[in-house]
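Common to both upcoming complexes is chain A, partnered first by chain B, then by chain C.
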Partner chain A sequence: MTQWQCIDKSDLQAVLSVLQEKRDVFAPVEQGNDLRLRMLPAEGQIFLGSRKPLLPLKMLFLPEVEDLFSISIKNTSPHISPVEPITKERVVLGVLGCDIATLEILDRVFLEEPVDESYRKRREQTTLIAMACTGEGSECFCTSLGIDPLQPNGADAVLAEEGETYLLKPLTKKGKHIAEELQAFIKEAAGSRRPKEILSLKYSRGDVPVDRVSQEPGKLWDLPVWDDLSALCLGCGVCTVLCPTCHCFDVEDERRGSSGKRFRAWDSCMSACFTRMASGENPRPTTRERVRQRFLHKLCYFPREKGMVGCVGCGRCIVHCPVSIRIDEVIDELAGGDI
Partner chain B sequence: MEAKLKKIAKEFLQRTEAECFIGYEKLSDGSVKPVFIRSPGEVDRLVWNRECFANLAAYLPNFREKEGIIGIAVKGCDARSLRELIRTRQVDRSKIYIIGLPCTNNGLKAHEGDGIAERCFGCRFPEDFHYDAVLGPMKTPDLPARAESDTFASILPENRYAFWENEIEKCIRCDACRKICYACFCPECIFESQQPRWLSRRQGQSEKFFFHSVRALHLVGRCIGCGECERACPAGVRLMFLNRQLQKDIELLFGYKGVGVSEEVPPLLTFSKDDPDAFSGGSE
Partner chain C sequence: MKRPLLVPIITRIKSVRTLTEDTLLFEVMSLNNGTTPSYRPGQFMELSVFGVGECPISITSTPTRPGYLEFAVREVGSVTGALHNLEPGDCIGMRGPFGNGFPVETMKGKDIFFIAGGIGLAPLRSLINYILDNRGDFGTVDIVYGARTPELLCFSEEFEAWQKAPRTHLHLTVDTEAPGWKGTVGFVPAVVKALALSPKNRIAVACGPPIMIKFTLLDLTAMGYPDENIITTLELKMKCGIGKCGRCNIGPIYVCKKGPVFRLSELKGLPQEY
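Take a look at the complex of A and B:
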């Protein structure tokens, strides 16, 4: 069993420099109030603690915009060149348990046949160093989804803050490899100290009844909750853009003269054009169908198809919904409707 | 005042032709969200306080197809947007029942931090607007104007582009600013059009700049400065820096009194035979 190890906070910059020698390193970086995952070195302050970056971890595995190939036509014959999704090993430092748990969900979409090659490459070549999290605010409910924010599953190593030091514990082979590289900075074995003893969870509602939502769409399809939600919902895409598990994308071609590119970019089921067909027919014509799709995809269809709930309880959608729609309350409502 | 609101809303909902009443309700964390009340028994959910930010008039075009009458609570500032929706025939005045919510000289609370909300600076109520019922006199509260240093014009010309670039770099293209806006009621927005697709899904500065400049310019003379776009923005883009400036410019250039303050048509939606400039902008 690997022990917790100890790194001085004052060594953080040196640790990052070592990691950056061979890899691209990403971490949450604060600029004013804005916290985002950025590649280091970045302007701003690295933030390691219980706070989620605005855009979730998925952006490093399914980028907002990703070139798929470029095409050029020379002497009437087209030449297609693929785009390499990733050129270097990567380390992501300081992500929280909720975001890490999303990768298991995304894996069931992108690593099952047909495998999405660029996702697979990014996944294989990335080491995840999680930050032990005590919860950010009243929006958090990761523990309802079985996530342990103090020592998240799926991370390669976990980091926890204790006074002037960070405790580090490798959890996988990739994580051990990193710890070995950082030997020079490891001061002492931290002995019996564990994040669970030094940190306690401040927030994370553990009683959101996700498991009680029926997996029979027919039972949920006509509930009055959809009328209330669709009256209120503006139909913007804040929830889908910020959701760490939303993974729908659109493919677009662009052409300039005799060359062009095909790329994919995040799409949103909250938008009317998401399902609009070439004929003009739209199977989800109003906000009612679109709101229902968004919630049931996560809470009913995904569990039914893939065996797990498509939500990790990070609460970004709760914090940022301009009209205060709360997925935890929707879950309460749906679970109640099934009893 | 809340008791009066509940009483009037209840009386409204007891009418057979009443479809629903749009107001505000309080959440367990103390914040306020829009609520759609459908039966007289539910009126106790209604509140009216300094956190009632949302411009409820923005919801009215969604009810266009409904047979019945929609009741709505509006602040004086929101009444300006409602008047504009009525003027542009997005809302049928005979199918709405308007309850005016008077504000105090404290205005609404700032969304974050101390002070007053964005919309409250330079507050102007439409003093000749017709409400069906009011909770008190709908008189413009005494609130300060924006400090000169808070406007786009106060930034040195050579720094303006950099300021704006820095702001829109934060944009995540979620559309919240567009969807929350009362004035964004086009049945098909240029940004939603698929054929032709005017705006690529790329997330570059040029796409973001295109989005924000088209949106801001399309709203000149229609933006009431409610600041809902800025409040809705999850990325903290300071959209009102531009909107405020454009409002100011159009009032200065055309002697416009402001959206919905009177029955005046916004200058960019009309023409004047006495216009001193050539029609085409070129020489005739």
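Take a look at the complex of A and C:
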């Protein structure tokens, strides 16, 4: 059993320099009022603590826009060159348990046959160092989804803040490898101290009844909640953009003269054109169907098909929804509807 | 290196033939090594025009006639429009085949009742010719095929071969009277009803515009066809073809993977969102 180790906070820059020698290093950085996951060195102060970056961890595995291949057309003969998805190993530092838990959800889509090679390579070449989190605000409900934000699963190593030091615990081979590289900075073995003993959870609603939502779409299909939500929802789609588990994408071409590219980009089921066919027909013509799709995909279809809920309780959609739609309240409603 | 999933192969158009005023038939050459990808009737490919985009098109040729692939493309959007501007010798991108295809094995020994409207014949043509090429494996074949006008009937040059095939009956219909048209006049569901083919040991396979499908399915049920023996195809917006991009999601399934071919019994287990 690997023990917790200890690194002085004042050594952080030096630690980052060591990691950057061989890899691209990403961490949350304060930019304006937001926290952003950025490759270092980046403008702004690194922030390691109980705060989520605005755009979630998925951006490093399924980029907002990702070129698939370039196209060059010579004498009407097209030539295509696939784009290498990742060229250097990466370390992501300071991500929270909720975002890390999303990767298990995304794995069930992108690592399932046929495997998405770009995603797989990025997963393989990335080491995740999580930050123990005590909860960011009243929007948090990760503990309802079985996530332990103080000791997140799925990371390669965990960091926890204690006064002027960071406690570090490697959890996987990749994590141990990193710890070995940082030997020079490890001051002492932290012994029996555990983040659970020095940190306590400030926020995370643990009683959101996700398990009580029916996996039978028919039971949830005509509930009045869809009317109520569609009367409120503006269809802006900010919930899908900021959601760490939303993974729907669009594929588009771009051409200028004899060269161009095909790329994929984040897309949103909240947009009317998401399902509108060239014929003009649209199986989800109004906000009512689209709101229902967004919630049922996460809470009913995904659990039924993939065996886990498609939500990690990060609460980004709650914080940023312009009309204050709360997914935790929707879950309460759906669970009630089934009783 | 493994070919990334969303990267197509490049192939050339061998011939282009006009089927109707808005529909062309593209014959695509076999792959560079002389083979055609193995596929089942009812599957589809993602065709691309580089610089414009990709769209899902059902394969209308049959795997029993290897060496080429055929696609009937109706001009409705940007990619199909760009495809219509191409000529023999031009290159297109191709990914696939995708989807489940028709349950050919379970259809063996059964009488087959094809019901098609307009370009809905395209995926059925693959199965019709597959059955005719394996004639001994299947029972009687009846094909009801209709369009608004005689000119909008696709694949008319194949009708004679179908009529002449053993134990095969072709019932053509158009929506309204037309000069020179000597066949039946009336909507497809009405012809299906009038034919009154017994549901005993018979599987119905329907593909066509939504309104035709809606009434045909109701009529077949009224005629006593069990839901397991009524087969149809769903058309939804698709992008990736591999169950990841999220567009063709209906309840817990992705039409591009679990479909596009469904038995009515399977459709009844899905939310009504197609």
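Quick note on the criterion: the second predicted complex is superposed on the first by the 337 of 339 C-alpha atoms of A that agree within 3 Å, B and C clash if a C-alpha of one lies under 4 Å from a C-alpha of the other, contacts with A are read in each partner's own complex, and residues count from 1 in each chain.
In this section, a contact is a pair of C-beta atoms (placed from the backbone, for glycine too) under 8 Å apart; a residue touches a chain by one contact, two chains touch by 3 or more.
All values reported here derive from a predicted model rather than from experimental measurement.
Trainee: With both structures lined up on chain A, is it a clash or a fit for chain B and chain C?
Mentor: Pair status: fit.
Trainee: Check whether A:180 is in contact with chain B, with chain C, with both or with neither, and answer first, second, both or neither.
Mentor: It touches nothing on chain B or chain C.
Trainee: With both structures placed on chain A, which of the two partners, chain B or chain C, ends up touching more residues of chain A?
Mentor: C
Trainee: Check the residue A:252 against both partner chains and state whether it touches chain B (first), chain C (second), both, or neither.
Mentor: Both partners, chain B and chain C.
Trainee: Which partner does A:234 reach: the first (chain B), the second (chain C), both, or neither?
Mentor: First partner only.
Trainee: Between chain B (first) and chain C (second), which, if any, makes contact with A:222: first, second, both or neither?
Mentor: neither
Trainee: Of the two partner chains, chain B (first) and chain C (second), which one does A:276 touch, if any: first, second, both, or neither?
Mentor: After superposition on chain A, A:276 lies in contact with both partners, chain B and chain C.
Trainee: Report for A:211: first if it touches chain B alone, second if chain C alone, otherwise both or neither.
Mentor: neither
Trainee: Let me test your reading of the model: by the given contact rule, A:54 touches which partner, first (chain B), second (chain C), both or neither?
Mentor: first
Trainee: Which partner does A:124 contact after superposing on A: first (chain B), second (chain C), both, neither?
Mentor: Neither chain B nor chain C is touched by A:124.
Trainee: Looking at the overlay, does A:65 come into contact with chain B only (first), chain C only (second), both, or neither?
Mentor: In the superposed model, A:65 contacts chain B only, not chain C.
Trainee: Note down the smallest distance between any C-alpha of chain B and any C-alpha of chain C in the overlay, whole angstrom.
Mentor: In this superposition, no C-alpha atom of chain B lies closer than 7 Å to one of chain C.
Trainee: What residues on chain A does chain C touch that chain B touches too?
Mentor: Residues 250, 252, 254, 267, 276 of chain A touch both chain B and chain C.
Trainee: Give the list of chain A residues in touch with chain B in this complex.
Mentor: By the definition above, chain A touches chain B via 32-34, 54-55, 64-65, 138, 228, 231-232, 234-238, 240-242, 250, 252, 254, 263, 265-268, 271-273, 276, 319-320, 322-324.
Trainee: So in the complex, the part of chain B that touches chain A is made up of which residues?
Mentor: 20, 27, 29, 31, 33-36, 54, 58-59, 62, 170, 172-176, 178-180, 192, 194, 197, 200-203, 228, 231-232, 234-236
Trainee: Under the touch definition given earlier, write down the residues of chain C that touch chain A in their complex.
Mentor: So the residues of chain C in touch with chain A come to 2-8, 10, 48, 50-55, 76-78, 80, 89-91, 93, 210, 235-237, 239-240, 242-247, 249-253, 270-271, 273-274.
Trainee: Along chain A, where are the residues that touch chain C in the complex?
Mentor: 68-69, 71, 73, 76-78, 80, 82, 109-110, 114-118, 217-218, 221, 247-255, 260, 262, 264, 267, 269, 274-279, 281, 283-284, 289, 293, 296-297, 300-302, 304-305
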